[in-house]
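The following pair of complexes shares a single chain, subunit A, combined with subunit B in the former and subunit C in the latter.
Up next is the complex of A and B:
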């Protein structure tokens, strides 16, 4: 927040102070007395979150491989040069974008369709809603193992069974289309999340406007396009941001399904950091990877946050 | 009002502080007592079936050793490794006893992360060091031959196959087949209509997954990882032939989705009757029979030695999970007592009687192979396990002389990094997203860079 923003809040306080129902203004000392007890918590949180981050930055400037070198040694940022010139890293960046973007878009589309469907009254709707939301509450590891053997496996799995029954060739999902398989699994897991947010949005849709549009002769599509969708926009944006933030950290599904392979085809940044830190024990390089990917992530997320800040300002732009 | 909040906050803070001090005092008092009093040791174990049996039988140890409490941290293999490595390398002192694979043992001994066991072992006559199988004892010792970990179990690799399917297809497998015979058998037994693949082999990336199996095949084809001057040999014709053979066999007659299957996937596929053969670790023999879907499958599981290639070299690998005492351990004596118990002859008897003879840790002691109950329960594989372990030669794993030891791995610290990269590239070849030569060329470049940077051969 900038200086002007602070100044404006002060003005507001003064304006409010004239209001007889408002509490009396607080003195500086009073403000600090109220904040005081919170300070230890604040300091604790800062230490807990910022010290590891600082350590990461320090480690990222050292050569520190657990198995080969003993102590960490400063190496003049060689790790960063290695990160930027490392083909596997850029591969993992692309994989992260494809995985996160693909799943987010698929979740929003399917979630929106399901939300529209489940927003209509029909017998057994409560049951259908519960079923639709269930995947999100299945433990990720259990869900992944289930998909690995019960769905994707060409001999045991449902997909293989359907393909055989239809006389189609079997598809080795995890070997031949590993990225598609991961996106399918992640979409299955996260559609309920999008659904929950979008259904809340649909339920708060302006009924009066929808009725007025109906009276004016707008058909279902036009009503959706011009009344519901603008109302839903902030909900869609919020769902997209939260989904992307969740999906960018995908780890367990990759570890269990493909171990990042074949040939790094499903290694995202998170998994690549895990590989370098906890398989190769190269903590210096892994720290540098972490710092670089943090910068990249912030660069990606910031524009989205700016877009979204509209939600918090206008409480929905409908 | 505000004032009382302030006070309440302070009081809470004070209580928290006092509690922390009291708690710290308690653990400090309980943890470091040496003689007479209670001692607690923490043991880190891999979550493999045999180790879980040991965890369940700990009551026996605590009864025999009053005053020593044992706490277990049981983690999946690939989580155990980083957890324990972090702990010992930073001297954090969380674990007194750590389970370590034979690849890590000499490296850790070299760093001084685990302490030598020779004095404990020679003082503890009942433990009987001479009873350990020689090849297994060697791979849990350091470069000078000093024992630094006690082998919990030892294993090699061999071929599992289904007698009934082989008979139906009209193939017979000798006790020492060649890879060509195995390929022909896989072709004959491959049965797409019934969803049975000819063979199952590891395809999942990871230096401990597909690379272990592929490296044994490279060895039997006369290939190697490095020559005597530490020049990378991943693109030499023999190495490439071996890899090409493995990839072709897997792509032609292997399990579907091969690049995503590790030993877990193959154990499932083989015991469910979806694969006619399986090339993997001897320690899974009992599990494969135990978890077979039908008695018909269980009764027809048979074994041969690891197949050999054109070079006529024995190709089974050699592995052991050993128990070592970390240098940061506060109670090394108690730690040894635990190790001595878990790796003793008595323990093997106990596990056999209490948990079943399929659950004993095999391949560590000669005396195990003289127990009549075990020989009866493991009649199909006990003999071959011992033969395979004795045939493996980690000191000279390849046809040409090489500067490294280890059959299915290269005994250098950099191998985990190199191995993970190469195994990813080979998984790409197995899935068909790149050719074997593309995979090997990328691997060659990467490996040479790491080796050069680390200063080998200079």
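Up next is the complex of A and C:
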């Protein structure tokens, strides 16, 4: 991270040194005049994100159970020991990885396939695409409640009816395969998101290179593999990053579809923090959970950030 | 079009009866491929849309018809659930939703426009650092900061208020707004701005009468995306408000009845989703641009 940042700064200084048209170094007053328009947004975001974060760190070192303790008391990091030795916490970490990873991969695969289909001209293409992207706009809480009663229910749901019609056994999705049910619902909701980004990628594929490859006798598969896919890579990466960023925070679908159950089978980190904070009212433990989950998220997302800085660089070069 | 062009080119370069036969064969295969592609597109799009179509269908059924284990395609439609939806106390929630969405989106744009200006047109040094800071706040687990927000809000008497939701939605959408608006601003040709500056226009003037009009589509799609996220937001609503809240929390009440009334849920779900779905349909093209954050060009 810092290495890339350093490298890019070096590049900039070099360019300034060589480029004769570069602006002269700014005066102090000019620097502040330029910073001025940024400050309201920056100060607001700093206040709104950093103060709660610092307070979470402070809370995380205290014994503070709202229902029994009343006042918060410093407890020498006992919360962190509890977090690390808490089986349910690790279960929620694994659930988060399975839920986020599974849905992201499913969205990218289905999204890519659909983007390839929809990139071909055919009558009614605009209408088909409009149908396909609609799930992304339906209010998630509303969609989740509807799926719960009208799709997943073994006797009244559409899945149950389809299974019966095909002579398959009825599946009580929410109690037997709750994680699969959640991934299905989340995939349905986020495929349109991946689709929109990947279609944009396909539409900007270099036509001249594709034609040249065709003239050289490359078949569809070879052209896709060697021309389209490399072009699509940053789009796939960006879609993966945005999907993961959204999905790691999943809360509403869990709260309404499975309430984290059965037996914590679908509790992710976000939902576990919610349970300890607002069901057990153990603010100290919940804060420690928050800090540990932040560290884990950073560890998970840092590689992705590096990727984003790669996107930055290409943009800078263009 | 391009395909035909290429074919002619191949024939010209290679010529001969043999190649022409091969061409005929490929073009036949090509037609099958494109029929297959169109079928795939329709089938997959329909699969994604079926739950929504099913939801609309159920919303017009009576509860008895909806509770049938076999989906009923033919029935006497009823509007009773829509009537109920509007009579079951939806209005305070709907008004709150509109207030939160409109105020937070407006303030996001008002704060993000000058910030985007400072990060692109008349740029500060190392704008990347600030951009990274903004996007990094989106990567923090929202649950990690909710307890202090809850404590502060309760100290200030802001729990169960629209104000706290507006503030949190601002924090949620501001990074997105800044990233999107900056990317739209960078597309404005520098020559135009320079020419205006040479003509003696102040940077306030350049911003107001040149950049702002050019930014209109960008502002529209940024605002739309922020509004969609704000309209659908559930986590803050669920944790910071109870009775005086937005539509997602109104929706959630249907769960606490113990048993879900499918047709009633479907009707309310249709009602609360319609504004955003229609907006999304209209703006789908510019949304793609927005979703890309302008990060990939």
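Here are some notes:
Throughout what follows, the second predicted complex is superposed on the first by the 278 of 318 C-alpha atoms of A that agree within 3 Å, B and C clash if a C-alpha of one lies under 4 Å from a C-alpha of the other, contacts with A are read in each partner's own complex, and residues count from 1 in each chain.
What we mean here is this: a residue touches a chain if its C-beta (ideal position, glycine included) is under 8 Å from a C-beta of that chain, and two chains touch if they have at least 3 such contacts.
Since this is a predicted model, take the numbers as computed values, not measurements.
Once the two complexes are overlaid on the shared chain, A:146 sits against subunit C while remaining clear of subunit B.
Of the two partner chains, subunit C is the only one touched by A:133; subunit B is not. Looking at the superposed arrangement, the partner reaching more residues of subunit A, out of subunit B and subunit C, is C.
By the touch criterion defined above, A:74 reaches neither subunit B nor subunit C. In the superposition on chain A, A:34 contacts both subunit B and subunit C. Once the two complexes are overlaid on the shared chain, A:90 sits clear of subunit B and of subunit C alike. In the superposition on chain A, contact is made by A:258 with subunit B only, not with subunit C. Once the two complexes are laid over each other on the shared chain, residue contacts for A:155 go to subunit B and to subunit C alike.
Under the contact criterion defined above, the residues of subunit A that touch both subunit B in one complex and subunit C in the other are 34, 36-37, 40, 148-149, 155-156, 160, 277-278.
Those residues of subunit A that touch subunit C in the shared complex are 5, 8-9, 26, 31, 34-38, 40-42, 44-45, 48-49, 51-53, 55-56, 59, 110, 113-114, 116-118, 120-125, 128-143, 145-151, 155-156, 158, 160-161, 188, 191-193, 196-197, 199-201, 207, 211, 214-215, 220, 234-235, 238, 242, 245, 248-249, 251-252, 255-256, 269-271, 273-274, 277-278, 283, 286-287, 290-291, 293-294, 297-298, 301, 305, 308-309, 311-312, 315, 318.
Chain contact summary for the complex, subunit B toward subunit A: residues 2-3, 5-6, 8-10, 13, 78, 81-82, 85-86, 89, 107, 111, 195, 197, 203-207, 209, 255-260, 262, 268-269, 272, 274, 413-414, 416-417, 420-421, 423-425, 427-434, 439, 454. Across the interface of their complex, subunit B is touched by residues 30, 33-34, 36-37, 40, 65-68, 70, 88, 148-149, 152-156, 160, 170, 172-176, 178, 257-265, 267, 275, 277-282 of subunit A.
Across the interface of their complex, subunit A is touched by residues 2, 5-6, 9-10, 33-34, 37-38, 40-42, 44-46, 48-52, 54-55, 58, 66-71, 111-112, 114-115, 117-119, 122-126, 128-130, 132-152, 167-168, 170-171, 174-175, 178, 228, 231-232, 234-235, 238-239, 247-248, 251-252, 254-255, 260, 262, 265-266, 268-269, 272-273, 276-277, 279-281, 284, 287-289, 291-293, 295-297 of subunit C.
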